[in-house]
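In what follows, chain A forms one complex with chain B and a second complex with chain C.
Moving on to the complex of A and B:
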């Protein structure tokens, strides 16, 4: 067990708990940002520098800024601290569901062979190699993803109109 | 060196936190963030498997998940803004009529 992993794993879990328990939505967004940064650090550890950069620029940069923007647009300052009535039955259901899921993972973990460090090919995870994979083996998927983004763009513009 | 199992446990804890948040919070924006948390834990799992099996496909899949997450947030937040214009609230318990 290395210290690097423990540091960022604890950081991610702590910030995750903060994200779902913070009363104010903006504080929640801050917790989520910490989770993203901690995960980016773990990606660096896993020989995925390009994914780490994208994690920061897309998730922390674009998506989270959009969420924060909407929080500030929609919620007035006194609305933000409003205590939302939380139904107890939802909590019980949530805890049951998560307990079932964690049980499944624990059961599955017994069948996972312990992978030690494997020898990685040269340049594993480098932008060049990902690009080669991306535009040769997954070219069709890449095009479909671009159509998906276009559809989302048009939908967002349409929904943003004053009168639907 | 942390082995694959540690990453699986970490990712499933993060996914579980996201699921609990999604089921217990009633603020639509925090629900969104819980979904992001779940997506993020799946990404972590994919990258970990990619590293420990020395296969690139996992990392490429993460890039597709980024595209889907971006589309989801763009459309979801637009829908939320439209809903807010009608209901004047982000509490999802108040989103209980289909027609105004």
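Moving on to the complex of A and C:
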């Protein structure tokens, strides 16, 4: 494990915890932004530059701006999130579940090294290869995903529009 | 997998997923028809769109039954399959879609919800379930799972004026996304380990050198199971069921409890038996996967406990419900537990039993929800047990049909569910799960109590208040009567469907 990974991994987890524990919605959104950027840095490290670009441009760029707009439109500055967070029993249960989950994942991934790492093919994660994946191996998935977007669009329009 | 670009042919695509293509075409045609009909008033527009939906679903189910049944191949580079197991379940979910669409015509009219989007979402939900069942590729499973789920989330929230509908749908959305996340994480782990998302390739990869004993593979299997248990409403992932089933429009609840459950069961059986069991080695010459029998030591205890808890908690909590719809929600949880017995048995009878069960459950559950919405009048008009008191004299026909479906759900002869329960229980007993089968039969006695209690209320009690049932439209009547005849027919002459079901389950191992 190198310093680059540890830096950004800690940053991502720390910002994630900040995101869910922040008292103010806007601070929470900024925490989320940090998570996105840290994840993008990790993707770069994993030789996936295109995914990193997507992460920044789509998540940090587009989705987060939407989130901030929604916060701006829906919440007055005095609104705090404490009311939603006050149920202690859920938090305690959550801590247990998270601990169990982390334990399981750590146990599972500890053996990965013994199994032997598979070397990545040439040009892995490059835009060219992702394009090839998209339009050859996973063409059908790509097409079916468009149906998913269509369904989500219809659902969103129906549910979101007051008078229809 | 990597040669997909070269083996892709339109003829093959049509052969393997003709049903899906027709469903997409129908869905798009509905959107266009909706625009063309803009000039008309809303209720007649919704009616026309509804009838187009029903017509195209009937045509598609015929295509699936008569064309696709005879296709035996995995198509399109190992993404979709068209084996008989898949085709059988596709026919079940499309049938569920037809019954739901027939009832929806009346439901939307009674509740004054003249929105044609309903049918568009319904047909895309059917598309999602069909594609979900057909996929043999975890990534495609995830995408189609989401298509199905998003369409059903929106349908669950369809009564915009009603708080419970919104609340239930939002709970469903949150918990469903959570479940999907587990599915995705499990898939990522498997992909990281095996380098493939195709089920049979995974079976091949993890059987080499006992790789499946690795905690990572087991964790991946567990996560896939969690994701699917959510949709199957197995305990302990059933928490969303009562609120969502109660809040959703009754017909949507019926669709959710049948089509979505059938799809989740089908996919679970596919994932478990194709990728994580030696099934392929016994029938299609993948002899390398025989060692996967060792995995049974891991998943069988889990399914054992899940089945037991599902049967007990579903039946026990149903007893204390005051709302009939909520009671049916818990009963649907309990039914998932009975079906899980067939998975646990892990033999041909068990799988055929589940197919039979899903078919008959679709008929009786949709039938019950169809009667329920008419007695209701408008949604939440008359759903409590108190409202059902004395209905038998005011509405003898409806009460009779309701009694028939409830008797069927309780598993009494001569109805389809008796035969279905018989198949799954005998499959489990054959594999030596005597204790679980005995406990399961015991829980069905609780079931008898709360189902028969409704019938008692309907015929033996004085009415508490004046319940005004909604109008019974012809399409709903047709759907309910067809379901009722099916339930009785399958109870008396089950051999036909049983033969088809056992031929269907054999298809699971032929291709891939």
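Here is the rule we go by: the second predicted complex is superposed on the first by the 146 of 164 C-alpha atoms of A that agree within 3 Å, B and C clash if a C-alpha of one lies under 4 Å from a C-alpha of the other, contacts with A are read in each partner's own complex, and residues count from 1 in each chain.
The definition used in the following text is that a residue touches a chain if its C-beta (ideal position, glycine included) is under 8 Å from a C-beta of that chain, and two chains touch if they have at least 3 such contacts.
As the structure is a computational prediction, the values presented were derived from the model and not from experiment.
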*Which of the two partners, first being chain B and second being chain C, lies in contact with A:136: first, second, both, or neither?*
second
*asked:* Just to be sure I read the superposition right, which of the two partners does A:93 touch: chain B = first, chain C = second, or both, or neither?
replied: first
*Regarding the shared-chain residue A:148, is it in contact with chain B (first), chain C (second), both, or neither?*
both
*Touch check for A:65: first (chain B), second (chain C), both, or neither?*
neither
*Can A:105 be said to touch chain B (first), chain C (second), both, or neither?*
both
*Who contacts more of chain A, chain B or chain C?*
B
*Identify the overlap between the chain B-contacting and the chain C-contacting residues of chain A.*
105, 109, 112, 115, 118, 137-138, 141, 145, 148, 151-152, 155, 159, 164
_In the complex, chain A residues that touch chain C_ = 104-105, 107-112, 115, 118, 136-141, 144-145, 147-148, 150-152, 154-155, 157-159, 164
*Taking the complex as given, what residues does chain C use to touch chain A?*
1-2, 4-5, 8, 24, 31, 76-77, 79-80, 115, 117, 120-121, 124, 127-128, 131, 137, 139-140, 143-144, 146-147, 150-151, 153-154, 157-158, 160, 189, 192-193, 195, 211, 214-216, 218-220, 222
_Complex contact set, residues of chain A against chain B_ = 1-2, 5, 9, 12-13, 16-17, 19-20, 22, 25, 28-29, 32, 35-36, 39, 42-43, 46-48, 50-51, 54-55, 58-59, 62-63, 66-67, 70-71, 73-75, 84-87, 90-91, 93-95, 97-98, 101-102, 105, 109, 112, 114-121, 124-125, 129-130, 133-134, 137-138, 141, 145, 148-149, 151-153, 155-156, 159-160, 164
*Using the touch rule from the top, collect the residues of chain B that touch chain A in their complex.*
1-10, 12-27, 29-30, 32-34, 36-37, 40, 43-44, 47-48, 50-54, 56-57, 59-60, 62-64, 66-75, 77-82, 84, 90-91, 93
